[in-house]
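Quick heads-up: structures coming right below.
In what follows, chain A forms one complex with chain B and a second complex with chain C.
So, the complex of A and B:
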């Protein structure tokens, strides 16, 4: 049975319509929701929580229709983007709040508080108020408040967005560990694809209020089902070339760039389309490479383990990701080749064309 | 960057001038309260400090008469002080409670979106413009010269102030905090009582103090809606004249000093909330 299932839910706002949304989250799964800002990610969480009611469709919690369920009855916890800690309460009171509100005995509260503070290493800050805590400490307290309630699922709305890069990475690993240890259902929302792809078992890409694609992170990355998903997933983003399929349907042409598309099914011969290639799938051309493209390098961005090369190809700016470090712009100058096994082709509607 | 000397001088000159404007009447009141009758006016030459300090003025306003004075009043300060305290506190409670609840409903649930402007309209009328109908209504319901009649009008007149002030405080509370409480098991009422109200406590204290001061210093409403049973301090002060001596400046200053005590004590009691209340929303969350 699914922990959470959203079936054809639509919610209309004055300037935005969410849905129809169809999603299901398995028990014990870490489900990621990824999308650009204002895509409707938080609205999906509010639908699950019951903070907003769908105009159409339904939300099933633990297999039961949640229409008549109050927010608290759903037994779903949430870590809010701004953490939403209660500023007038200590860390201890914040974490224990869901239990005190549900009338749990003080003995049980103490036992569960001990367990949670051990897991999150927050024993030393329980007496502090949120204003006296660092960002990471507040983060842990907010997580503790979600964990202590023994919920069906925990929703995390960009929970680590406010932390610095190093702490974000640490918290990411810790969240994954917590989820695995407790075998709990997590729904993790972020606009940062790296964050979601790194920890989610499955991911839903939400664009303009709709679920554009659901799948394993690898599938979504390697086989984006539409141009819009391809643009959202990947950092640096996929290089896109707008052009036309040849009349015989064997090539894609964009100015001087011509690539073979013989292995691709249902090519709309003679029609317009888009070719996509990820920055890491463009390589320096070897001596014997046949289909090579001349580039001029504009700048390089050394980022430690890899380097981003900003170049111009066929009058269009592209990004190339190269392992290791380059000595200078000329180090990657000259010609490049596309890895033809990893081309992404989209028709004029932006839908992905299948590959054999 | 260093501030140029001229700008600094001008800035401090303005500060000193502003302080003088505020402090001068206070100093005048304090020194006058301890001056005997001959020193009230320029007859014997005005001085800042009393040549012969006396507590006679306080004795007179407290008991309605004083040793060595031929004039007397038919009442002391006890009645007016009690009337002012009772009506100001009740009026403040009424305005703050109704203002808090209604502004929360508007700020959080957006219900009755025209209510804020309607409430504001109450403040747009000059009080005198509506006082005749109010007097008729108060007479009709038997509220003239009663503690509850005066408290009721105080509550109504200061409600817009309480409403708008509290609304700004509620607007500052992130809605996610309340959502977090609801997710944790709270009902709407419990969210308000357990979470929102404690967070806006500084604002509530500030609002209560301001409304109390407005009610405490009211003259017009008390003048028109009371007769003799519920005479408040400002009305009592207006009776401090004598056919022989005219204005009893010393007594008025003494009464002014006594009348300043309750707001000051109230302010001191809520001091720790007051600073936060006055700066609520001014700092980045």
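So, the complex of A and C:
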């Protein structure tokens, strides 16, 4: 059964309209919500929490309509972006807060506190106040506070955005581990696609208040269903070429760049469109490669495990991602080929043209 | 530091003069810092002098006069007051002055009732104003008006309200012979009501500011975690307001201690001395008895004790903060 399901929910603000949103989060799933800032991600969480009532549509919690449910009745926990820990309470008091407020016996509180602090490795900081903790420690306390009450789902609103890069990576692995071991339902919001792609079972891409695409991270990455999703996902972003489909519908042309559009249904022959190719799908042309493109290299960013080549192709700046390090400055200079199995074509509306 | 200097010198062994210049240039910023501190002194000096003149001179003069029998009736210039030096008799006198202590007692009684009443009312109102409701802004401005009224006018308002033939008796269906301002017990009550009416808004304002200072996310978090509004208030809001509360209480206590205008207009300290607080007592001593040096001694003593108490209160607040 779905843990959370949003059906046709719309919420209008003076300058922003959220929805209609249709989403369902399975029980035990780590569901990612990804989108640029101000896309409406937090607003979706507020709908789920009941902090905001939808103007239209409904939110089902555990299969039941939540219209009449109070905020606390929904039994959904949340880790706020700024954590919202209580500064005048110790770590222990912070974590135990939901239980003390519900009048749980002190014996049970102690037992659950032990369990949670074991999972989160926070036993040694429970006596500290938030002000005395490091960013990562605060993060754990906030998580502990969300975990300790048996909630149906835990919503995390950009929970690790404030941490530094290394800690972010550690924390996201740990979040995934927690979610797995407790078999919890997580809704994880972030504007950082790498973060969401790394840990989510499924991801919803939210753009301009609407869910643009839902699917497994791989699917969303490999088959973005629209130009806007293609632009949001992937780093460095996808290279895009605006051009036109040939009149016979067999090619896509953008100046000198011409690619065959094999195996695509309903090619809008003669119309405008966009070709997308991810930086890692552009390769150095072999000796016998046909349809090679001349590039001139502008700069190279060696990033250790991979290298980004900034180049010009057909008068347009492109990025090429090469795994490992370049052999020499001329490597990837000269000619490149596109991996033709991994082209993305969009019609003039920005919708993906389906492969057969 | 010495290392660096030594190094500089050995760097340029042939040119001691340039080495010296070099060393000076290294110390340039330190020099500026030092000079600027001196300079800063000269910048603030006028302000300090002014402050000395405004604050210290009157206090010193008061202390000086309080140690003499000087009164303006003697026809002796104030700086020659030392001629009637009395070796602290005024201070000895105030310790045993029954009327003074009685006035002090009444002042403390008034404080002990009025300030907590204002605090509780202000807190309750602030709690109500945490929520959004229709007309919130309107009620907010209405609530703050008493605070803006000149205290003497407040005195006048309540003087009229509490007349035997006034609206209070009328509303409570009491006979016109039912006296407030001339009754031994009710006069003080009337004064307390007037003061509370005027100063609850200030309490309300300070406490509301303190409450609104609690981040909304924390209250939302509390709500999500199962706390009711009331629990939220007790567990999250109040603990964070300790210092604000302490400041509000100290502020109002000090102000209340000095209460004058309202009482002067309403009862003139009467009936008898029933509502004669310390300020009215001093007023009478000054203008009726012309006992100036004694008043100076009392004034200084009160200033000193009050400062001590307020400082303790505020340091408690500072300690509780954060």
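Quick notes on this structure:
Keep in mind that, in the parts below, the second predicted complex is superposed on the first by the 353 of 356 C-alpha atoms of A that agree within 3 Å, B and C clash if a C-alpha of one lies under 4 Å from a C-alpha of the other, contacts with A are read in each partner's own complex, and residues count from 1 in each chain.
One rule holds in what follows: a contact is a pair of C-beta atoms (placed from the backbone, for glycine too) under 8 Å apart; a residue touches a chain by one contact, two chains touch by 3 or more.
Being a predicted model, the structure only gives us computed values, none of them experimental.
Annotation for the three-chain superposition on chain A: chain B and chain C clash.
Look at A:131: by the touch rule set out above, it reaches chain C but stays clear of chain B. Of the two partner chains, chain B and chain C are each touched by A:82. Legend: residue contacts after superposition of the two complexes on their common chain; A:228 is shown touching neither chain B nor chain C. After superposition on chain A, the chain C segment that clashes with chain B is 243-251; the remaining candidates among 9-17, 171-179 or 243-251 show no clashing C-alpha atoms. Looking at chain A, you'll find residues 49, 51, 71-72, 76-78, 80, 82, 84-88, 97-98, 101-102, 145, 149 touch chain B in one structure and chain C in the other.
Looking at the complex, you find that chain A touches chain C at residues 49, 51, 71-72, 76-78, 80, 82, 84-88, 97-98, 101-102, 131, 145, 149.
Contact residues of chain C toward chain A in the complex are 215, 217-218, 220-227, 231, 235-236, 239-240, 322.
Chain A makes touch with chain B in their complex at residues 49, 51, 71-72, 76-78, 80-82, 84-88, 97-98, 101-102, 145, 149. Chain contact summary for the complex, chain B toward chain A: residues 174, 176-177, 179-186, 190, 194-195, 198-199, 201, 285.
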